[in-house]
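Multiple structures follow.
Presented sequentially are two complexes of chain A, the first with chain B as partner and the second with chain C.
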Partner chain A sequence: MTVHDTEIAIQAADRQDRPPFVQIDRVSKTYRKGKLAVPVLDRHSMIIAQGDMVALVGASGCGKTTLLNLIGGVDRPDTGEITVDKTRITSLSDAGLTEWRGQNVGFIFQFYNLLPALSAHANVELPLLLHDIPKAERRARVDNALNLVGLQDRASHRPEELSGGQQQRVAIARALVTDADLLLCDEPTGDLDQDSATRIMELLSMLNQEFGKTIVVVTHDPLVAEYAHRTEHLTRPETAA
Partner chain B sequence: MRFLSLILANASRGRARLAFTLGSVVVAFLLLGLMLPVLRVFDSRVDFADANRLMVLNKASMMRPLPINYKDRIAELDNVEEVGHFTFFGAAYQSGSNQIPAIVTEPENFPVMVEEVEFRDADALSNWQADPSSIAVGRDLANKHGWKIGDLVPLHSSIYNRSDGNPVWTFRVGAIFDGAAEDSVTDSVVIPYEYFNNERIKGEDTVGWFAVRIADANKAEATGKAIDVLFENSPNETATTTERAFAKSFLNQVGDFKTLIGATLILVFWTLILITANAQMQSIRERFGDFAVMRILGFRKRHITRIILSESLLTMFSGGIIGMAIAGIAVLIVSAKAEALLSLLSLDWRDWLIGAGMMIATGVIVATIPAILAARQNIIDGLAETL
Partner chain C sequence: MKTLTRIRTALGISLLGIGRRWWASLNSVLGTAVVVAVMVAILAIGAGYSEAMKMAEVDDANMILKGGVKSEMESTLEGADVRLIESELGSAAASEVYVVASIENNRGEPVNLALRGISENSTNLRPGWTLSQGRMPKEGRREIVVGARAQQHFGGMELGSELRLGSASWTVVGVFETGGSLTESEIWALATPVQDAFNRQDSYQVVIARPQDGETPQDMQNRLNRDSRLSVSVTSLADYYGEQARAMTRFVTIMGYGIGSLMALGAIFAAVNTGLGHIKTRAKEIATLSILGWTERALTAALTIETVLMTVLGGLIGVAAVHLIFDDWLISTLFFAEDFTQIVFDFDVTAGILWQALAMAVIIGLLGSIGPALQLRRLPVARILLQRR
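Here is the complex of A and B:
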């Protein structure tokens, strides 16, 4: 065991002591297309500790995005409970869920999903428009977030004027601007070259270590998974033939 | 209005489509702004007509004259205060195309019969009433031709020749009258009956119609009936109506025209709704991915609905105000140059109120379907569309 490995082991033990942040309790999800039923999650349980950084890996189509959507309150499970930071989100109303995810979750997608008509600044500002925040404070927060991702000088650029890596960093700034504690990243480097991917993962790592963000990263890439403290393997339930 | 910057940014995204949409909105409201004043001018003529005045016309045809001796017999009836008579002169000044509204009547009771006019100079009035070959001229008309009291004015009549066969009648300007109301038009000429009747070659001792001022407007119908009964079975039977009713019946012919304008406006707005609804729908479809992202970021359905509705209203109001403003300028120019009826044209607050109503209505209608589609949309499917 090297010193480095020891350190990681100590950190891991440390995290085990922290309270659970995301609790997934026997969650099932089946998509229905007409008569066809596609079971994706079958009584899946999982715990993510506060301040953890977890890589979610598994074959394509095994339900990683589905699980992420359930944790983030974008979709609802058929059965089972999900609790995030003491809020049982599976019990919230539709409107309550929408409001909750706007305040507590930052989403980062493979294809960035920025609004093409808006500048980087306006894209990052978007989630703040839902709250009664004075214009000056909104500005300060957006500038802060863009600063953090190193894009303060690109604030007025539109997505099409930015590289993929830069767009993803704008998306990260957008996820940070509401000060959400949970960041859900769905293949955040899937569309990026190696250098940009490294930069994004370093950024996420920094957010986890310096700001205590709890992060779940869906990925295919073993190099990306290395940035996480641990890796969860997802398998697809057997389809009843 | 926190979302305003969002809406404006989106507007700048599809510039060409926005230009087409705005263009059609501008044209529709331009038409509305031109047509509303025209429709109102027709109605205003009815407003001028007086419920206290009966019109006695020839029953056989309103173009046929009546004997002047009916006057005294009508005057004896109950509820009748004053009887006057009028005859169209058919005047043109200088050229045949320059028609002037000219009417023949008795100067003695003209100011009483026609309350819409006002003689501010009492001396001039009595001079006019004393000189049988002098005319009273409306202020607008006098100003237009630079006529002053004492000027000699040759008027060509398309209906009546003088006894020597000459259709040109030369009158002295005896008085100039103003309108009693501020916005009345004073572009007509009033000719004394006695002189006209003595000088004309045909139609002696007849008049175009009688106007009867009554004491009690509520008994207008009974009085009208009494007048018609008086001349029943005579060679010239009468048909009596209130002026208001007469004006309305005259306007029924105009009514067809109004229906036409109304139908045109409905078609124009229907087209406008189709064009803008289609453009809106397209632009919303393109943004289903955007809306899905916004929903994930915490935007509620009603936020999305509000954005779509605001977009639609903003389009209607910016296009509508531009269109109606252009119409307002056009109407101003037309009314300044035109005569008679068209000079009454004006785009006033009532038209703007109707316009604003149409902007809101079309804005809401156009936003409805896209808003429903966007609200129904599943977030995950919407996100998939951006991939």
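Here is the complex of A and C:
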């Protein structure tokens, strides 16, 4: 065992001691295509500790994105409970869930999902508009977030004027700006070249290690999964007619 | 407060991106503009007609017709009857001849106008009547004064010009105004030459008279009909013209709302289409806002407000267009008083019509946003966020 391996083992042991941040308890989800029921999650349970970085991997259709959406309150499970940072999100109303999502979760998608009419600065500022924050402080927080992702000089650019990697970094800044503890990333490097992908994963890794963000990454890419502390393999349940 | 912030910001973001879907938005705006313009134009015709029929120049006067008839055209009062009426009523009466005369308008088309043969008291009984140009006709001459609107609309009635009315030629010696009422569509001469030219001998159609203090038209009718030689109907001038105007006003109003409503249906569908188009082109934006904490209610409200803003803008454009193009435009139509003379009146875009038009635009916007709002609620947010575009 090398020194580096020893450090990783120690960090893993530390995380074991941390309280659970995300608790998924026997969650099931089935989609319907006409008369066909397509189960994607069947009584799935898992625990993610605070400050953990977890990769969700598995074949297409095994429920990785569905699980990510359930953790983020974008979708609801058919059965089971999900608790995030002591909030049982499966019990929240639709409006309550939306509000919770806006305050507690940062999302990063494969295709960035930036608003094309807004500059990078305005895109990052968006989530702050729902918080009662003075304009000067909003500006400072947006500048900090853009600084952190190395895009302070691109603040006035619109998404179409940025490369894919830059757009993804804007999306990460937007996810960070509310200081959400939970970052959910769905194939964050899926649309990027290798260099840009490496920069994005190093950035996410830094956010996890230096800022203690809990990060869940859905990926097909084993190189991306390597950045995670642990990997959760999902399998596809049987399809029932 | 947060909901308002969400609505305001969602609306602002949507409006920022309007340049990317300007054609669809323009479609909704112009669709509503056309509907509102048509409705306003038709209602303005009704309002102008009603205004012309108010006979504002007549303060408080009654109209005495032959017993049992309903219009001046049908009425015939013999000279003997008129003298009995005048002796009963005293100086506050004016006997008048009323005939329909055909002239050619400035496009060479024949039009029927009312030619009124007046007596000495006719102008005294119409306090709002003023001679704006020239002089009054003189006894023994075939001279006429013409209503300002008739002169303006039909042409060929300048001072000094000759007009063929009946079998004779008449000289225009003056122009009168009555504040835009029906009377301004008439031609006036002294009663005797009209009787001569139209072979009316010693007969009249109507006597205009001012009632005694507190006397109703019915009281005056009873007073006159106490003389067994007389059989007359008395009505106030305001009621007479009000009754004549009612049918036309009702017709125009029903037509205005009817056509307006039918066209509004089209505009609602246009707004629905535009709204659905917006949802489709903005699906990513809406899904992104939803994921960032914008509630469905706020997004729906913002969509509705945007749709209503578009249709209200269309409404304002429609109203402005009608106002700029048609307001105060003179038009003429048949006077529905069984004599088929032409009455000249103007488009009258009143404040009431403006509010009704804007209300129509708001209704189009509200109804037009229901479909898109339902579509927004069904938006598969999670799936949309995974798509490239």
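Quick notes
Here is the rule we go by: the second predicted complex is superposed on the first by the 239 of 241 C-alpha atoms of A that agree within 3 Å, B and C clash if a C-alpha of one lies under 4 Å from a C-alpha of the other, contacts with A are read in each partner's own complex, and residues count from 1 in each chain.
Assume a contact is a pair of C-beta atoms (placed from the backbone, for glycine too) under 8 Å apart; a residue touches a chain by one contact, two chains touch by 3 or more.
Just so it is clear, the model here is predicted, and its values are computed rather than measured.
Superimposing the complexes on chain A yields a three-chain arrangement in which chain B and chain C clash. Shared-chain residue A:Asp25: touches no atom of chain B or chain C. Contact with neither chain B nor chain C is seen for A:Asp42 once the two complexes are overlaid on the shared chain. In the superposed model, A:Glu81 makes contact with neither chain B nor chain C.
In the superposed pair of complexes, A:Asp143 makes contact with neither chain B nor chain C.
Judged by the document's definition of touching, chain A residues 69, 72, 74-75, 95, 98-99, 101-103, 107, 109-111, 113-118, 126-127, 129-130, 174 lie at the interface with chain B and also at the interface with chain C. Within the complex, the chain A residues that touch chain B are 69, 72, 74-75, 95, 98-99, 101-103, 107, 109-111, 113-119, 122, 126-127, 129-130, 174, 178.
On the side of chain B, the complex with chain A involves touching residues 2-3, 5-6, 9-10, 12-13, 289-290, 293-300, 303, 379-380, 383, 386-387. For chain C in complex with chain A, the touching residues are 2, 5-6, 9, 13, 16-17, 19-20, 284-285, 287-297, 381-382, 385-389.
Residues of chain A that touch chain C in their complex: 65, 69, 72, 74-75, 94-95, 98-99, 101-103, 107, 109-111, 113-118, 126-127, 129-130, 174, 186, 191.
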